[in-house]
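Both of the next two complexes hold chain A, though its partner changes from chain B to chain C.
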Partner chain A sequence: MARPSVGLLYNQTAPALLAHAGGLVEHLTAMPDRLWFDFGRSAPRGQRFRAARAPIAELQAWAEGRVLAGHGLGMSLPSAMPLDETLLHAVSAIDHALGGFAWYSEHLNLFVTPNASVPNAQAGLGLPLSYGEAALALLKPKLRRVAGALGCRLLLENGSFFTPLPEMEMHEPAFLNALHEQGLCGTLLDLHNLLVNERNGGMPAARYLDLLDLDAVEEVHLAGGDDSLGFYADSHSTLTPGVVWDWAYTVLPHCRRLRAITFEYQESYFDRIGVRALATELERMHALAEACAQQQETADAS
Partner chain B sequence: MPTAEILETRVNTRSAMMAVTEGFERPRVTAYVSGSMSPDDFSRLTRQAYDTISKLTGHPCMSGAFDFIVSREQFKQVINVAF
Partner chain C sequence: MQADFQQALAELTACPEHCRALRADAAWLSGRYTLSPRETRQLLALVRHDGMAHACTLYRMNRLAPLAINFEATLAALGGELRALMSAYWREHAHGHPHFFIESQRFGRWLQARPALASGVHAALALELAGVEAALAASLQDTEAIA
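For the complex of A and B:
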């Protein structure tokens, strides 16, 4: 494994952080869904998406000299309905405009569900997926189609939830392992989502990490959250909690294909977290990346 | 009390009222604003809408897609009259 790169999920406040500590940011992850205006499926043909030119130009400038990846929010790949080809085309257009993503990730959650008379309504929240052979069969052709259209490595991220689904055919690590074994995609391991799910009644993170095939992991997300209305939310409102750092140091050095460690924060918390604290977080991530590289050197030598 | 200062603050402050409703294919956030909007006003409003949605759902990355409507047709909730 080469040393994983350290980077940021790009948002509107990222330029201020990049101006302050740009040398610490080796890659940026762009969210195509935030680089356009989507007028919905009922928009006239060819007029559904309008590119947000100024944010795209700004991102292009900051991505110069850095690796750039894509992180999709709304493709809802596990939904039991055809792939949204118009949306995929829009992602592909952003991909081209930005010079090509090094890799592209989506969430392993449902966003689009049947609702009353509407066959493809947005739920307004990422819903957990019932893992099993049926879900695998549903995903296979879509993953092949998306990877083919974008021409880059595809990753799926373990999602977060407010309440777990009981009695599934397989658990999430087994599902991600199966996707990897069948050559369909790699895993984007969001370590903070493991904390969210553990706090909200899901599988303990330590057990999850024991079950996950670490060879599938190609990117890791770090983030923080907070308590809200009796739940623990993936709000990206704080720095990475200590327990998540502990998991990162335990697990990441054994992820042989890990290429990137990415920090996520919500832009409206930028002032509260503070640019200096964010820079310090990036420095900690570099120390983690070094630890990963050293562990691999030791493993290779022995 | 520095009345003039308060009035000046009121004059320079623009307000919008936001409402979250069910929508048709997507949940909908409607921002009711008064008067005309500059591109900067629109940018500030969209940032606020994104922030509101993220905080309502608890997930900046997992809120799905919402319709965002800017309406200039309803004024009664957003006009402050100082006298």
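For the complex of A and C:
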């Protein structure tokens, strides 16, 4: 494993952080959904998506000299309906405009069904997927199609839920392992989502990490959340909690294919978190990346 | 069955009344969706889980967000009518529009067409809907079609 890079999920306040601590940010992850206006599925052909020129130009400038990845919010790949080809075409257009994503990730959540949808402002309310062979069969052709269209490595991110589903055919780590074993995609491991699920009655994070094939993990998300109406929410409103750092130091040095550690915060909390605290978070991430590289050097030497 | 399971999951999250109906009567699902016995048990467990109320609340908060930003005075003027009107709007438009200004414009026009609104609502709505339409037009000036 080369030393994983340290980066940020880009949002409209990221330029202020980059101006303050740009030297600490080695990669940026762009959300195509934030760079266009979507006029909906009923829009005339060729008129559904309109790219916003100014935000794209600003991102292009900040991505200069950095690795750039893509992170999608709305493709809803596990939905039992055909792939949204127009959306994929729009992602591809943004990918092309930005010079090509080094990798592209999506969520292992459900956001859209044929006759309904759940609002997905930064993946705040993804619905759980019932993991099993049927879901695998549904995802396979879509993952191949998306990877082929974008021409880069594809990752799927573990989700966060308020309502764990019982009686699933397989648990989420086994599902992610199967996707990796079948060569369909890698894993974007969101460590904070493990905390959210553990706090809300889902699988304990330690057990999840024991079951997950760490060779599948290529990117890790760090983030923070808060308590809301008796539940713990993935609000991206704080720095990474201590317990998530503990998991990161325990597990990440053993992820041999890890290429990136990315911090996510919601832009509306930028002032509350503060630019200095965000810079300190990036410094902590660099220390973690160094620990990963040192562990690997030790393993290689022995 | 997978499609019906997902459809039921989305519709339950969008509608607390459906959750209450299912909690009260497990047969509520039959006739509406084609589900395996396991999927039925999963949905029953889901609506009985404390987290489902939170998911329903978050759904409503997220759908309300663009309207709360763009129709602050209108929603305030609706007062006690707000909850029932929002439920009716969301029943008619199960897909939230991804564009905040278009979702707001759609809601504003839908509300304008409702009979028997208080005069204070009409005044606030006319002003705020005009603002939404101007903002929508402005937002599209520096854009290009990509798909």
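The rule we apply is simple: the second predicted complex is superposed on the first by the 291 of 302 C-alpha atoms of A that agree within 3 Å, B and C clash if a C-alpha of one lies under 4 Å from a C-alpha of the other, contacts with A are read in each partner's own complex, and residues count from 1 in each chain.
In this text, contacts are C-beta pairs under 8 Å (C-beta built on N, C-alpha and C of every residue); 3 or more make two chains touch, one makes a residue touch a chain.
A quick note: this is a predicted structure, and the numbers were derived from the prediction, not measured.
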Problem set entry | Overlay on chain A: chain C relative to chain B, clash or fit | clash
Exercise. Just chain B (first), just chain C (second), both, or neither: which does A:40 touch?
Worked result: both
Exercise. Touch check for A:12: first (chain B), second (chain C), both, or neither?
Worked result: first
For this session: Check whether A:231 is in contact with chain B, with chain C, with both or with neither, and answer first, second, both or neither.
Result: both
For this session: Check the contacts made with chain A and report whether chain B or chain C touches more of its residues.
Result: C
For this session: Applying the touch criterion given at the start, work out whether A:118 contacts chain B, chain C, both or neither, answering first, second, both or neither.
Result: both
For this session: Return first, second, both or neither, reflecting whether A:264 touches chain B, chain C, both chains, or no partner chain.
Result: first
Exercise. In the superposed arrangement, does A:93 touch chain B (first), chain C (second), both or neither?
Worked result: second
Exercise. Where does A:53 make contact in the superposed view: on chain B (first), on chain C (second), on both, or on neither?
Worked result: second
Exercise. First (chain B), second (chain C), both or neither: which does A:280 touch?
Worked result: neither
Exercise. After lining up the shared chain so the two structures overlap, which partner does A:160 touch, if you call chain B first and chain C second: first, second, both or neither?
Worked result: first
Exercise. Which of these chain C stretches, 19-27, 109-117 or 127-135, gets into chain B when the structures are overlaid?
Worked result: 127-135
Problem set entry | Where chain A meets both chain C and chain B, residue numbers | 33, 38, 40, 74, 112, 118, 120-121, 124-125, 162, 228, 231, 233
Problem set entry | Complex contact set, residues of chain C against chain A | 2-3, 5-7, 9-11, 13-14, 38-39, 41-42, 45-46, 49-52, 54-55, 57-59, 62-63, 65, 94-99, 102, 139-140, 142-147
Problem set entry | chain A residues within the chain B interface of the complex | 12, 31, 33, 38, 40-42, 71, 73-74, 76, 107, 109, 111-112, 118, 120-126, 159-160, 162, 228, 231, 233-236, 264, 266-268
Seminar exercise, completed: Seen from chain B, its contact residues with chain A in the complex are 24-27, 47, 51, 54-55, 57-67
Problem set entry | chain A to chain C touching residues, read off their complex | 33, 36-40, 46-54, 74, 79-81, 86-87, 89-90, 93-94, 110, 112-121, 124-125, 127-128, 130, 134-135, 138, 161-168, 200-201, 228-231, 233
